[in-house]
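Both of the next two complexes hold subunit A, though its partner changes from subunit B to subunit C.
Presenting the complex of A and B:
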């Protein structure tokens, strides 16, 4: 038999973008400690459907920590209290029997609530659309050794590229700033020869789009790095600042 | 203008004015420290920084630095509050590795500003301002005019009242917290940071903040432990 525990959930319920939301309390008895947080919410929703009530809306997709769809602010932390994990990788064994868990959507002016725990993170897509890509035709796949890239740069670009765009950085930031996300997306390309060509333009247009969408100003608290499920370093923010300032001074 | 329209431009202004104010504090701290060893030398500096044209230009640039830094701090905080949205989190927890000072820069800044106004009233208004009004032909009492460049006199006057000495220490502790985050944050905003330099930059920041505050705080502490009573000023 699995070990089971009882939990009290305080879940944010909001019928629609304009509706007034509130916390609703649900008692969850005999939750398997081996189940993931999202599986526990699935069980809750099945219960609600059986009672002919509206299930809780929440975002999820791959459930293996790579797609960036899951969100949830759990007991004061985006993606829960564990470091370097997404909500789908959070397990019930991390909670104590009888614990009350408060589940909230991301709160940021640029991420409006669609319903319940689901927010519109389209703002991040718009930032990517503004310049988070390489627009030159790179042709077929070249030989691995044809473009020399130092291991240090390759590693750092790879670290930046591990950003899944989940929005935890902006959700955790007291300023609602998206700098860590934008910095990761600028860094991953600026460090590599294919991306360097458009690096200055990219930094300018992505920052302009970020500001336009109503994200806040970074004050270097480091809360984003601490909550990032991929542990992206705020050093990338220093690189973004550098890229942007150099580009602007050249104009 | 991108310095005002873009978030990084605004942060550039915050960091440049911040670095400028830190340099001023370094100078002010070194100048103050002199008083512990020679009140005459300190008064000579006060004389040098009276209502002379270069000191007046310096004062104006400095005041502009303060105003820009403060106005931008309020403007940025207002924008950041707006970016957080109208509904606040019901539960918030402190993240690991996030300094308290970094989350409370505005509060610390307001404390620093409040005490600074007191400080301007107690010292600047009795010294450079007196000289300026005298030069402009205003009527000044003999005694005030006589002590306008006698900085050591004013230090003794206020700090021998221990209430003020303690008040200044509280002020300086708030300033210390503000600087520990401010210095490295300015370097980060200027883009002068990376993974290798992150720990170094933070240590440099702590050393600069501590050095500045130690130089300032040594004077009220000196008076609290009974020093300064034999100063002839």
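Presenting the complex of A and C:
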């Protein structure tokens, strides 16, 4: 029943943040087409451990496409070529027998390599810490149904909120811009009455933090939207720009 | 005091859970009215460690920092937003009664107690139901985009074990949205400097000074450095221990190590046998498999579960000669609807799981392994249209198709039970304090609210209840007496000793240099757990499990191979440390399951069942929470019992038939 194929992997190995990295080639025979990309890497690592070599370091956790921990540039695309798919949900059946697959870490100035395929995405957390929230403390809030919210806005906010913070947008962008990530949060909260109060200020401080952390500018190439595993729309960037302008006018 | 009873050494000392006096509905209000508080000036002088950034950890860390405490928050992932709460799909319960369908705090309390097969504390569960409504309000205020009706009000769906619609949801990504809400509150405090975050740090020990928890030892996972941290109190919210089974729906790094360390430092471990096998997971499909994927229970709202009526059909399907869609309506056995007419496909998880196992064991299973049943949406699609089903479950259907390569809009999903959640955990009293002073445990990591079985959409409720609305109160009752305690030096002998022990354990593992990979040993443990400590348990099987686990422990400590060095990023070492603790938990689970000579909730002892094959409780002898006390390495733990007094609810045989 189990169909298998043979693959050649060219994997980026780098001992540490300052070490020089290089591609190392591994032949993978009889990989089950039902296995996920990360399960194939598990098999590779198991093989390396058997050979008493160090396994390839890569980030991963839920393996259900929701935690945002997995990354990887696969054949030149963040999370591989499959649309709306995280690396952990990418399956080997999408590859051809005999294919060579190049596996690299995110390449972005703001995401330095920690080891092999693992990068530091702490910059995304810092952007959220700058203003990606509604300033309410626990307790003392109104009833959940006190303010009706149009289903249309609630659904659009939900679409923006599906961002998993994986970093694919910045990694895909030739300018290394985090605009889609920032826009998704700004847009989600601006669409809801609870977040509207601080919307302009939020846009301003989050963009300022993004610039400070070394992310590039947005030039509307749309690469982020195309590569986003959750299909977050760049229309949210328009909403971010609107809030940003409002903030500038207020200054 | 210790005497031998059944299979365990028992200590008859009475355990005091510190449940407040008074009528059920007034206990929590009375507690809050009379508890000690810490004034704002003193809060600034106190430090609290919170380990974990899931729903419980993140909400606790944020809320405590908002109150003015100094919080140190730890997570093993690269960001607090990755905690496995993020993967919860279906929803969160609350007793809002927005649907006017007869819900109330009492009914949510009652359903939860009954769902847990009368093995939870009444007072805790009532408090949980009481604060449930505040959670929804809080999340809405944070900008959590819950599903709404066209009129702009919040929508609800139904979940197993309830006859009302009280589950709030955000598509099939409720856990994600609630966690991102808590993460945003936490991020706000990190930005303000009131929470110091330590990402990619793993707690490896709790430091106890003069009988009180005063800090932790953690390993920086990037550098491998072992670090010491002091606090006036330590809060642990590190989730459950389901990964003892190797294959589970838990995330790859979900682990039980913090809980095991607490246990070894004197915290009782309660009800380890209570593990939840979730009925709707994607079946196992290969040896390379790293984890199992859950399909939300909410699917049972619109999906009907069935297997072929005739064994020949099941066999033909297994051999690929027939397809599910070839079978006509009268050739299908909708066994849940048949056995449980009142609740049908919405029976609680433990009941649905056992029913699936029963059909498959009897030879009616489908899929190429025979270990699968169908979850069929065709009648709902016919009734509501494909668009409605897509709107409700689109992301789940997409996930299914990616993994299985079949379109569930056209052909029924295949599902099978898998380990999903652990109701057991570190014992805590009403204040969520463990049996070690100053050491608190919240969320799935504790044992408190779900008894022997958790109802769907109640995990999110409990995690957030603990973090937002319970711990921030109860911890002050402890800290009020600690305001005179100055910051302690991390050079105290207790810190040094703890760090030494951690180093010694790591070096011991590094030195083994055997020929078994960590994963291969973990897989072995998982198979033993699934075969003997899984859905159906019996005396002989559990005794076999105990022997096999002993052998696996020996194998681990003599044959494991960890490459690289300890003073560096080393993921194999991380896994090895966790597997060493899973072996301890696995043994404790088997021991507890062997001791508990009754069936209740997720714990099914084949010797104890009704003639219809339902779980048969023994309230006369087993109406207690089993609390295991560590008794030294290699020694049998001691069993203490917290008697469960049912003052307000009349216990019955659970009945989902009529």
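Everything below uses one rule, namely that the second predicted complex is superposed on the first by the 241 of 251 C-alpha atoms of A that agree within 3 Å, B and C clash if a C-alpha of one lies under 4 Å from a C-alpha of the other, contacts with A are read in each partner's own complex, and residues count from 1 in each chain.
The rule we apply is simple: a residue touches a chain if its C-beta (ideal position, glycine included) is under 8 Å from a C-beta of that chain, and two chains touch if they have at least 3 such contacts.
Small disclaimer: the values here were computed from a predicted structure and weren't measured.
A.B. asks: With the two complexes superposed on chain A, say which partner A:197 touches: subunit B (first), subunit C (second), both, or neither.
C.D. replies: neither
A.B. asks: In the overlay, answer first, second, both or neither for which of subunit B and subunit C A:107 touches.
C.D. replies: A:107 sits against subunit B, while subunit C stays out of touch.
A.B. asks: Quick check for you: in the superposed arrangement, does A:19 touch first (subunit B), second (subunit C), both or neither?
C.D. replies: neither
A.B. asks: Could you tell me if A:242 is touching subunit B, subunit C, both of them or neither one (first, second, both, neither)?
C.D. replies: first
A.B. asks: Mind working out whether A:150 is in touch with subunit B, subunit C, both or neither, as first, second, both or neither?
C.D. replies: A:150 sits against subunit C, while subunit B stays out of touch.
A.B. asks: Name the contact category of A:137: first (subunit B only), second (subunit C only), both, or neither.
C.D. replies: second
A.B. asks: Tell me which partner A:55 touches in the superposition: subunit B (first), subunit C (second), both or neither.
C.D. replies: After superposing on A, A:55 lies in contact with subunit C but is clear of subunit B.
A.B. asks: After the superposition on A, what does A:121 contact: first (subunit B), second (subunit C), both or neither?
C.D. replies: So A:121 only meets subunit C here.
A.B. asks: Output the subunit A positions appearing in both contact lists, the one against subunit B and the one against subunit C.
C.D. replies: The answer is that subunit A has no such residue.
A.B. asks: Given the complex with subunit B, which residues does subunit A contribute to the contact?
C.D. replies: Going through subunit A, the ones touching subunit B are 10, 21, 23, 73, 75-77, 81, 83, 102, 104, 107-111, 156, 172, 174-177, 179, 207-208, 210-211, 214-223, 225-227, 233-235, 237-246, 248.
A.B. asks: Of all residues in subunit B, which touch subunit A in the complex?
C.D. replies: Where subunit B meets subunit A, its residues are 2, 5-12, 76, 79-80, 82-93, 95-99, 102-103, 105, 181, 184-185, 188-195, 198.
A.B. asks: Mind pulling up the subunit A residues that touch subunit C in the complex?
C.D. replies: Result: residues 1-2, 32, 34-36, 38-40, 42-43, 46, 49-50, 52-55, 57, 59-69, 84-85, 89, 91, 93, 114-115, 118, 120-122, 124-125, 128-139, 141-145, 148-151, 154-155, 157-158, 161-162, 164-165, 188-189, 192, 194-195 of subunit A touch subunit C.
A.B. asks: Going by the contact rule at the top, pick out the subunit C residues touching subunit A in the complex.
C.D. replies: Touching subunit A: residues 59, 62-63, 66, 77-84, 86-87, 96, 98, 134, 136-154, 170-171, 173, 176-177, 180, 183-185, 187-188, 190-191, 197, 199, 222, 251-253, 285-286, 288-291, 293-294, 368, 398-399, 402-403, 405, 468-469, 472, 517, 519-520, 561, 563-564, 569, 571-572 of subunit C.
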